[in-house]
Amino acid sequence: MIQAGDTAFILASAGLVLLMTPGLALFYAGMVRSKNVLGTIMQSLIMISIISIEWVIIGYTMAFGPDVSGIVGDLSWFGLNGVSSAPSSDYASTIPHNVFMIYQCMFAVITPALITGAFAERMRFGPLILFSLIWTIVVYNPVCHWIWGVGGWLGNRGVLDFAGGLVVHLTSGAAALAAVLVLGPRKGFGRQSFIPHNLPMTVLGTGLLWFGWFGFNGGSALAANGIAATAFVSTHLAGMAGMAMWTLVEWLHRKKPTTLGSVSGAIAGLATVTPAAGFISPISAIIIGLLAGIICYTAVNLKNIIGLDDSLDVVGIHGIGGVVGTICLGIFASRAVNPGGSDGLLAGNASFLGTQIFGVLVVGTYAFIISWILLKIIDMLFGLRVSEENEVTGLDLSEHSETAYN
Amino acid sequence: MKKIEAIIKPFKLDDVKEALNEMGIKGMTLTEVKGYGRQKGHKEIYRGAEYVVDFLPKIKLELIVEDSHVDEIVECIRQAALTGKIGDGKIFILPIEEVVRVRTGETGNQAI
Amino acid sequence: MIQAGDTAFILASAGLVLLMTPGLALFYAGMVRSKNVLGTIMQSLIMISIISIEWVIIGYTMAFGPDVSGIVGDLSWFGLNGVSSAPSSDYASTIPHNVFMIYQCMFAVITPALITGAFAERMRFGPLILFSLIWTIVVYNPVCHWIWGVGGWLGNRGVLDFAGGLVVHLTSGAAALAAVLVLGPRKGFGRQSFIPHNLPMTVLGTGLLWFGWFGFNGGSALAANGIAATAFVSTHLAGMAGMAMWTLVEWLHRKKPTTLGSVSGAIAGLATVTPAAGFISPISAIIIGLLAGIICYTAVNLKNIIGLDDSLDVVGIHGIGGVVGTICLGIFASRAVNPGGSDGLLAGNASFLGTQIFGVLVVGTYAFIISWILLKIIDMLFGLRVSEENEVTGLDLSEHSETAYN
Amino acid sequence: MIQAGDTAFILASAGLVLLMTPGLALFYAGMVRSKNVLGTIMQSLIMISIISIEWVIIGYTMAFGPDVSGIVGDLSWFGLNGVSSAPSSDYASTIPHNVFMIYQCMFAVITPALITGAFAERMRFGPLILFSLIWTIVVYNPVCHWIWGVGGWLGNRGVLDFAGGLVVHLTSGAAALAAVLVLGPRKGFGRQSFIPHNLPMTVLGTGLLWFGWFGFNGGSALAANGIAATAFVSTHLAGMAGMAMWTLVEWLHRKKPTTLGSVSGAIAGLATVTPAAGFISPISAIIIGLLAGIICYTAVNLKNIIGLDDSLDVVGIHGIGGVVGTICLGIFASRAVNPGGSDGLLAGNASFLGTQIFGVLVVGTYAFIISWILLKIIDMLFGLRVSEENEVTGLDLSEHSETAYN
Amino acid sequence: MKKIEAIIKPFKLDDVKEALNEMGIKGMTLTEVKGYGRQKGHKEIYRGAEYVVDFLPKIKLELIVEDSHVDEIVECIRQAALTGKIGDGKIFILPIEEVVRVRTGETGNQAI
Amino acid sequence: MKKIEAIIKPFKLDDVKEALNEMGIKGMTLTEVKGYGRQKGHKEIYRGAEYVVDFLPKIKLELIVEDSHVDEIVECIRQAALTGKIGDGKIFILPIEEVVRVRTGETGNQAI
């Protein structure tokens, strides 16, 4: 039976998650140089078109359609066939089926957009579209099915992921790592400093992302109930704790607390708590946020030592965040908080921690390998990088014949 | 006629403008520039990494003045722009061959 | 009986539609030159004051009050007399009457704001206020009553408009055309290029508009039910399809996909699906979005050939979008999707298409003629355009004694 | 019993109120000089971390925990002990207790952020954090308990405050006044003009604030019911009326209507109606908005005459707004509108006006004195102001080693 | 060779560029500057208070030209930049000792 | 003393700065300018219509140097700024009559 309260909540949540994509576009665009602002924005924004089309045609049925051996959904819902405003029997029984479908669509959209931060300022637009489209089909859709689809094999083995620590953050983080390795660093990396051109834009993006994250995590309860409340509270607390910790660590380490540090910590906390949000107590959420702040800070700093040009730190924040959060869930999960979840290490159930680590290994490895192969193939066929001259000119002019500011 | 170019610290602009005003200077042109010199650049932090930014914001003033006024104007600017700290800036004097006022076509000292 | 779920949904939707007006202000302001940024913002923003006052005093009762011969509401609800938090018997029976009233207020606010894009960078602020106020009274309120008021004559003839293709987009598009003709082009039009001063601002505006559109179209179901779900899904799909198509066409036509093109296509898709959103299948929504992308692209390009200076393409996007969407509804409407709607041409009901075309002709003609007369009168009495000197100086300084950036 | 509709509404409202803090950061940051943009943003943003931590540990139980002599809550809910997703018996019985807790958290966060506008462009970051933390403990938490806590002494005496005219706006306005007196004016105040560096940013902030205010005031009904509807309508109408009035007065007084004036008037209207929103008729809301516009305009102009450098007019807008709104509630409150409220002067109940004035005096005096003492102590121990050289350099570089734009 | 520096009103830039183009001028450099002069500044309003902003946006054009072309170019700029109202700007002529084209190393008139 | 003005491509700034540094140059002033020349402008697209933007971003460096250093500095800048493609820029040399350091009042070569 359709419940108006739940339907209102998931529709609002879907709107919030949609808003995260322009939010992310601004978050990223503020950090690049002024010649690459629009190119960076477009790399996120265009996902709304490409992935939404893919989703209604084939993505939704691959991810959530009737299960085929635990691996993928079959094609019975091809082109949204049979996905109406009557509730589904498998998912979210108190809201129209198409509400669940469109809510999940927004997740599929933002995931490849996250990856683009890794190769910001040097990727060609056409190959990017091709990569994102195929990547969603071969990486996102199956992984989503494994974990969230009825019958998915990882879900069946007990792997939990409340709102996308594995499905969204780890898949995109692993793909980001592959992309950094395949594309190589920006011209001038290590010699020049690539200082953000507009930090207030990044702050604005953070505000929109945080706001949207309430829909991302809260909505993942699929009803306006106590679980949604738990997830909402965890989200806020981990975000604020990540922000506090990154700010503090940078203050101690570099003598100054920075604005970019604060917002980076917030995003780290929000990303890290994502898999755990609906399964943990508020205190656990704070601990996860604090861990996210210090671990992601360290990861981002290691990058400079290793010499990988992950331009906007997708690996260090989303990849590491996804891993840490999924493992922390294995530690902090509590059936006292959410009887539909599991007990974790602290509740005496070490095996669940093992299950979560297994999930991380499987998803991380799969996403990394497939992404790497896919990028290599597209690079050979079409070339991923802009020419050196175009990199100097900037993506805005070379790829889009526009300038951001006049 | 000479052209005086003065590179000064941005926050001294109001003082310099006032001082020149009191001397009866009626025209000048200002550009936002970046200066590199003995003054140490500042440190910026970007996700835990430190960068030094060498080029510091400065203001360049350009004034065309009659030959006879050059010295007192230079002194006036110097006084007003002075903080005594490194980075206070420089004043350059260049020769000018002619000046034309667009509105009237006047030339020479009339046009200043 | 008041339903909490429906009330929550329409309150949230009203908030979302309010947000569209600042969203539009930024969308427009990003496209003007930097000397006209605040002037452009103010022309949208001030509608929140002017039209909200008008609405509570006389607008709401004219549009939705008890019917007088199908033409207009009477004055029984003057000054919101009797409009309390008890549900109305005529509209939206599961939510407080004042929620319906304030939700509709937001529509009335944004409609004249849309028009301002047509004469951006050259209209005086005082006459703009006068025009918008009278226009709302003589154009918006009656047209709204004809279509959405109980007893309205167009509604009675079977004309459908889910969320404002006629009421909002066509009325404002027709007024925009009249304004372009009456005011004439900007100084330098055709010789100089008026390149946008801040495209990230336009992207931000687009993000807020898209987010708000979920309230605009989804909320028009007036309950958190299956129709709202259908409208929400249609909205997203048409937006993404319009974006995809405009981007593609521009890529083929001009060799580069532009950021402004992508967001323009998104707005075109969102505007075009507005009248149809709650009455059509997802596949129809995608087709409508694709059509919007290519038709509005063509319309905007024709403008340059005809030599009309519709500064920010209100006619080409909102006017044409309103027309195309209303007619498409005549083609794609399906009672299988929404039993409360009609069947369209594809469902074998050609007469409904005729009805919709009739609606377009009536509303378009009425709005154009009245707007033209009104503008002419105000121009004669007060002068619509800023002086040439002020146009050179820019609206920010000449009309508001401010500058956007320092 | 948990109601999905109410839960959805308060979760959405909590998200909206969270969004107000970045909204405020941008609203303020647009008005400062470009060397202080990030410093200004950080002073608001960091509250999300500091105050949220404080709130879950001790703030919530001090404000809403079981009453101790009407003065403060005891520590039974220390660290959210016992605050689960079951409804509370004391507050908002149709939603999970932790939803009420997190919704109230957002109010606690934004209140000290409001204060920062008063000493913009000259306060050190470390002492700011210390001040905000202690201030919340010694001013915000108790005042919140007095008025909204079950058993609070002012609430028991009949003082009403729907959504924070006293708790939020007057406490922050009084603290702002104390801060202006303790810190003294910015270098150059009175001689130089401190013109806003980016007014579109301030407009964007206003849009987000207005949007968020629907959650702030509407959500304060704690259910998606008729009271929420009344509060939502009042909020919008007072906002638009404040905007109309300030614009008009400035137009008459200075010959030009300004953008900053319009948005200032909007914020004045929104702040002023806050204590009254759920207790008054729409017409009263409009009158309150109009009063807010003219009174706050006057207050802000007086500032220049008195020579107090309240940088971004926190006293003139939030302080005065809180006072005027609370007193207006004493005049316009109507049990016909909300039977759970009181009748005011116009409904023949002069004593309620007296009660409200008493509330203003108590809260204003308490908040001013404690804030002043606290600031003096921190100033003596650590120094509140940046050095003169750092003030010249700007907060962005001196406090955060960053620049906003490159 | 001489250097011509012209301070003009921003909205006249297109006209001046076109006029110079017609004369066959192939190169110039433009800077956004702020001018202070006889032209009255504009008033800005900030929350009910009025401020006068003295420095007005101007464009500075710099052209290196052969000696023999100086007069006609100055006249050409003057005509194109003229509105007849205060604030139209100034044109300065400075001596130049040498010009080098980076790409080729050419010097003198060849390099212009 | 001479004033060297160099118009270069923005992305060459770091190279030029480094090269000058190695020569021991301690001061310079930089302005963001727009250049018009033989280098073709770029195309911008605005809702399906194409526009050509003639003025391209360039950096102007200004250095005051002792007479004896002029040639080597010019050559140094030229080498560092060279890409060999149209639009590499120009270097101008102007006479300077006097230089004053604001901080100390020093003049002439002392003040550079």
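As written, the chain order gives the labels A, B, C, D, E and F, with residue 1 at the start of each chain.
Definition applied: a residue touches a chain if its C-beta (ideal position, glycine included) is under 8 Å from a C-beta of that chain, and two chains touch if they have at least 3 such contacts.
Computed from a prediction, not measured in an experiment: that's the story for all the values here.
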{"item": "Where chain D and chain F overlap in contact partners, by chain label", "value": "A, B, C, E"}
{"item": "Winner on C-beta contact pairs when D-E is weighed against B-E", "value": "B-E"}
{"item": "Chain pair equivalent in interface to C-E, over half of contacts matched, among D-E, A-B or A-F", "value": "A-F"}
{"item": "Separation of mean Cα positions, chain D and chain A [Å, integer]", "value": "34"}
{"item": "Centre distance in Å when chain B and chain F are each reduced to the mean of their C-alpha atoms", "value": "18"}
{"item": "Centroid distance [mean C-alpha coordinates] between chain D and chain B, Å", "value": "45"}
{"item": "Junction residues of chain E - those touching two or more other chains", "value": "31, 44-45, 50, 53, 94-95"}
{"item": "Chain C: positions in contact with at least two other chains", "value": "3-6, 8-9, 12, 195-196, 198, 204, 254, 256, 258, 260, 400-403"}
{"item": "Listing of all chain pairs that touch each other, if any do", "value": "A-B, A-C, A-D, A-F, B-D, B-E, B-F, C-D, C-E, C-F, D-E, E-F"}
{"item": "In the complex with chain A, residue positions of chain B that touch it", "value": "44-51, 53"}
{"item": "Residue ranges of chain A in contact with chain D within the complex", "value": "3-6, 8-9, 12, 16, 33-34, 94, 195-200, 203-204, 206-207, 210-211, 214-215, 218, 223-230, 232-233, 236-237, 239-241, 243-244, 247, 254-260, 262-263, 266, 282-283, 286"}
{"item": "List of chain A residues in touch with chain F within their complex", "value": "188, 191-192, 392, 397, 400-403"}
{"item": "Residues on chain D engaged by chain E in the complex (per definition of touch)", "value": "193-196, 250, 253-254, 256, 258, 260-261, 264, 297, 300-301, 304, 313"}
{"item": "Chain B - residues contacting chain E, complex", "value": "3, 17, 26-31, 64, 94-103, 105, 111"}
